[in-house]
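Report on the structure given below.
Labels A, B and C are assigned to the chains in the order they are written; within every chain, residues are numbered from 1.
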Amino acid sequence: MAKGQKWETRPLDFWNKAKELRAGWQKSIESKEKVVGQGNTFDLSFDWQAAFPAVTVIEDNPVGSMMQNKNEPYARKARLASEVRGWGREICGYQGNCWGAQFLGYIDDGTAWPDRKFVIPMPCVCDQHAKRGQQARDFENMPQWMADRLIYFGEYDEEREKPMLEHKVYCNYRIINDMERIFGQQFDEEECAKLMAGSKEVREYSREISYLMARTIPSPLSVKDLYSVYTIGGLTKIDPDATVQFWRMVRDEVKWRAENQIAAVGNEQFRFIEAHPPSWHYMKYYRYLEQYGAICLGSEYSHGAGSNYEVRPDGSIGLRVDKTYPDDMEMTTREDIIRVGSGALARPAGGFKTNEYIYRDRIVQFAQFMQADGALLAIWRHGVGCTLTRKEQAMYLRDAGLNVIHYEGSQPGDRTDLDEKRLLDQLDTWMESQGLRKVTE
Amino acid sequence: MITAGIDVGIAYTKAVVLKDGKVAGKACGLSGGAKRPANVQAIYDKALAEAGVKAADVEKVFATGKGKFDVSFADDRLTEVVTATQAAKLTTPKVTTVIDAGADEIVVGVVEGEKINEFVLNQKCAAGLGLFLESMAERFDMTVEELGALDGPLSVTVNEGCVVFAELDALSLANRGTDLKEIGKALNEACAWRASMTINDIYKQNKDCVVIMGGLVKNGAFLKALERIAGVKFVVPEEPVYAGAIGAASLAAAS
Amino acid sequence: MDFKALVENRHEYAKAWKAKTGGKVLGWYEPYFPEEIAYAAGILPVRILARHYPDDVSDKWIYACCYPVRDMVNQFLKGRYDYVDGLVNVEGCQWMYNSWEVAVNNNPKLWNHYLFLPDHTDAPTSKTVLRSELNVMKGLMEEWTGKKITDEDLDRSIEIHNKNRLLLKQISEMRRMDRPLIHGAEMMQIVLASQLMDKAEMNEILEKFIPELEARKPGEDRIRLMLIGSETWDTELEEMVEAMGGDIVVDELDNGTSYYWNNIIPQKDRLMAIGLRYLGRPKNPIKDNNWRRRPQHIFELAEDYNVDGALIVKQIYCHLHGTDNYAVWKILRERYIPYHFFERDTTLPIEDTRLRLESFMNMLKPGLTHLAGWHKAYGE
C-alpha cells in the first residue's frame, strides 16, 4: 500500500447493539430462577445449554479479565486471596482472580459471588483450563464433568478418529444425561437441533468477517473493534436468535465498509497480527500504534480460534470448509443429535493445540492470510496456553519476512507484570526501527 | 552545524554537543530520580560550557534514553536502538550488531546498511544487571571498578537466571566465609551469561562486527566473560558511555 | 552400588549401550510414557533429565517456564543429547511439550512421536482411545526400528518392567521402617537410574543390592519427612535434609513413588493392559482433573510411612503444582500434618534453604515421640 495514503473512516453502527446485548447477559446471570453453571464443553460447538429450559453458563475467563479491567485493587486482592490459600503466582490470571473472588465472597462491583450449580471445565486446550473445574467443585461441592481435547499429529487418520469420536460423544452424552438427572430438567432435542443450525450460521458470518478483514486493504475492521463484540454468543451467552441476528448485522456492516473502502484506521500503512488474547486490561496500545498507521488484525484466537480460514492444497488461503455430517442426516435420537453436535472430526479442525502445524506453519499462514507486515507477540509469565511456543513462532514469522517483537506481561487477565510504560517504549522502538514515525495531524 | 544529544538513562544522564560531526563538549552526571529535569539541564549546560557554545547556538537537540521526555527542550525524541545504531555506524561503519548495555536494560540490534533488521530488549528478568552489579559492589564494600577487575577461574557460582536468587546465593556464600573476591567473579560471570542470553535472543544473528556500548562496558571482567561466552570479539567505541548521546546528536544533524 | 555415579554417567552409559547393541536410544519427557512398548522394540528408553548448566540459549526458544524445562532446551541446543535417536512426548505438561518440540524442531533427523494419553483418565472411552494410540505408536516404532513387536516381546517387556517396579517398591518398604535402611537421596538416585538404564540390567543390579541393603544396620533416629511437589532431578535437597538429621522417607513425585507404585495386570490384550496401568497410576496434577485423587494419595502415603511432616517444594513457574497446591495444603491441614512450602529455581540457595529446613525440623522435633526412643516399644 502507498505510504501516507488516507481513507475515509467512520464509527460502527453495531457498537451500541453490542452494548445492549452485553447488559442483557449480565442480567441473565444474576437471575435466580436459572441453574447457573461455569464453563463450556468445548467439544460441543453450539450453545447447548439453551436446550435446557433454565440453564445458563458463565465462563471464568471473561469474568476474571473483567475484574482486572474494571477494578485493579480488587483484582489484586482476589489474587492475594488465592495465593495465601496455596495457588502459585504463575497460575492463569483469569483463574487467580476468580478463585480468590470465591473466597472473598463478592466480585469487583461489590455484588455477591454468583452461586453456581455445576462446572464443566474446558478440556486441555490449556493445562490451566483442564484444571479449572476442580476448584469450583471443591468450593461449592457441585457436580463436575470432564472431557478431552483430542489431538494427534500428522494428517487426519480415520482409524484414530473412530475411538476419539466415540470418546467425545460419550463425554458430551454423559454430561447432558447427568444434567437432566441432577437438575430435573428435560433436555429439548428439537431446540438443540435448532441451536446447532443457528451456531452454524454464526460461524459462517464469523468466517466472512475474518475474510473481509484479512483480504481488504484498508481493513474495514480492526481487532480492537472486533474484541468489543467478540464474546457475544460465545463467552457472553445470550438468546440464540438474538445472537444470529447480531452477527448477521455485524457481517453486513463489515461487508458494506469493505465494499466502500471505509477503513478502520484511516492512515493504514502497517498491518500486524498477534497471537492469542491481548492484555484485556490494557488495550490502549492498539490506539497508540494507530498513530503510526499500524492496524492490528488480531490473532488466530480472535478468528475462530484459528478455524476460520484454511490453506488449500494449491496453496491459496480461503474460508474454511469443515467436514460435517450431511445436512439431511436423520437425527432421531439424542445420541444422533449429540453426535452431530460433537462434530464429524474428533480432532478440532482449527484452534490451538490441534497439531504441530498450529505452532509452525499455521502462524505463518495466518500472517499471509492477513497480509501482515509484522507481528506483536505477547509472552505471559503466568498460565501456559497463552504463551506456549510463542518465542518459536516469532522465528517462523521472521523467516516469512515479518517484523516481530515480543512484550512481556503476567497474563491477559493479570496486569502485575505488564509495564505499560515499557510496552509503549518498545512499540516506539518497533516502529522507529522500521523508519515509521507517529503521524501528527 | 551544532547539534546536541542527551541520553537520559535510569542511572546516568549523558550530554554531548556535536560541532560539524565532532564532539565539542560532553558531560555526564547522575540522572537524579525526581530531580531529573533539573539535573538534565545542569548536565547539558556543562556540556555546552565545555564546547564553548550557548544553547541558542545549538540548532537541534535530540533526546534518547528512558528519561527522554524529561528533556523538555528537545526537538525530537528517539528510542535507544536507533541512536545506538547511529553511534556505532559513526565509529564502525561495518557494524553488523550493536549492543547497548546500560544500567537497567540491554538492547541488541542487527544492522544491515541503513536498516535495523531485528532488535531485542532484555526480558524483564534480565533487567538491571548494571544496577545489580553496582549494588553488590557496594554491599561487598568495593567500587564498581574493583568488582570489574575480578576475573579468572571460578571457584563458586551463583544463579545466572535471576538476580534475586543470585543475590541469595552470593550472600549464602559470603555467610559461609567464601572470599568476597571469589563471589565477585561469580557475579560478573552470572551477569555475562544472562547478557549472552539476550544476545542469543536475536533470531538472525550477524556477529561479524559487534559494537558494544553503555555503562556496563566499564566492568572489564563482565565484558571479558561475555566475549568468551558469546564467542564474539567486541568493538568498544572510544566513548562507550556517551555513545547514545552521540548517536542522538548525529541524527539531529542529519535530520 | 553407587547409584549417583550411574545417574551422573548417564550419557556415557547410553552411548556405550548403543555401541554394544547397535540399538536406538529414545529420549522421553513425560512420566506417563509407557517405556514397555519401546523396550519391546529393542529400544533403550532414557528419561531426559534437567541439570544445572549455565544457560544462555533457552530464552530464544521458550519463555517463563520452570528451570527443568529451560535446562532441557539448553542441553539439547548445546548437543548434550546428541546420541539420542528419537524423542517422544506424552500429553501432559505443556511446557514439557514445548521443550520436546524445540528439541525436535532443532533436530529434524530425530524420530519423534507425540502420544495422546487422555487427561480425562476415567471414562470407559478413555481406555479405548489410549489403546488405539498405543497401537499407533507401536506401529510407528516397528517401522522405525524395522522390528515387529510380537506379543512375546511385549510379555517379556511387561515382565521386566513389572519386576523393576516391584524391586523399587521392595526397596521403598525399607523406608517405612522406624529407622530406614535407605534414605531419600539414595532412593531417588535409584529411581533416576531406573529411568536411564536398560531395565533388565537395572533389575540385576537391584537384585544384588537388596541383600546388601537388608544387611545394613539401621542408623540413628531421624525426623521423617515426605517430599511433595514438582520434580527435582538432583538430590541436593535430600542430602541437605539428611545432613540435618532428617530423612525423606517417602515422596509423591513422578521420579519417586509414582514411577513404581502400580504394576501392569497382564491380560490378553497387551496394549490395553499397558494403557490401564498408566491411566490408573497415581495421578500427577495434569491427569488429576476429573476427581481429586492426589490429596488422598498424599495423605495415605503420609500415614503409611508415618511421616512427621511434609516438604512441598515447587519449581518456580510450575503452573501445574501451582494449581494443585491449594488442595494439597488443605488436606495436610485437615489431617494436622505439618508442612513447609517453598519455591526453588535453578539453584537451591544454601543458607535460605538450610534456614527453612532447620526451622521446620526444629519446630517438629519437640513433639516427636519416636525421637525419644518410643519406637523401641515396637520391638525394633
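Everything that follows uses one rule, which is that contacts are C-beta pairs under 8 Å (C-beta built on N, C-alpha and C of every residue); 3 or more make two chains touch, one makes a residue touch a chain.
Just so it is clear, the structure is predicted and the values come from calculations on it, not from any experiment.
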Chain centroid nearest the full-protein CA centroid: A
Chain pair that, of all pairs, has the most C-beta pairs in contact: A-C
Most distant chain from chain C, judged by the mean position of its C-alpha atoms: B
Where chain A and chain B are represented by their mean Cα positions, the distance between them in whole Å: 41
Mean-CA-position distance for chain C and chain B (Å): 45
Separation of mean Cα positions, chain C and chain A [Å, integer]: 36
Contacts with 2+ other chains: residues of chain B: 123, 203
Contacts with 2+ other chains: residues of chain C: 59-60, 63
Chain A residues counted as touching two or more neighbouring chains: none
Residues of chain C defined as touching chain B within the complex: 54-60, 63, 67, 70, 345-347, 349-352
Chain B - residues contacting chain A, complex: 66, 78-82, 107, 109, 116, 118-119, 121, 123-124, 203-204
Chain C-facing residues of chain B, complex: 123, 157-162, 165, 168-169, 171-173, 175-176, 193-194, 196-203, 229-230
Residue ranges of chain A touching chain B (in the complex, touch as defined): 394-395, 398, 403, 405, 408, 417, 419, 425-426, 428-429, 432-434
In the complex, chain C residues that touch chain A: 59-65, 91, 93-95, 97-98, 101-102, 105, 114, 116, 118-120, 122-126, 128-129, 131-133, 136, 285-286, 289-290, 292, 314, 316-330, 341, 343
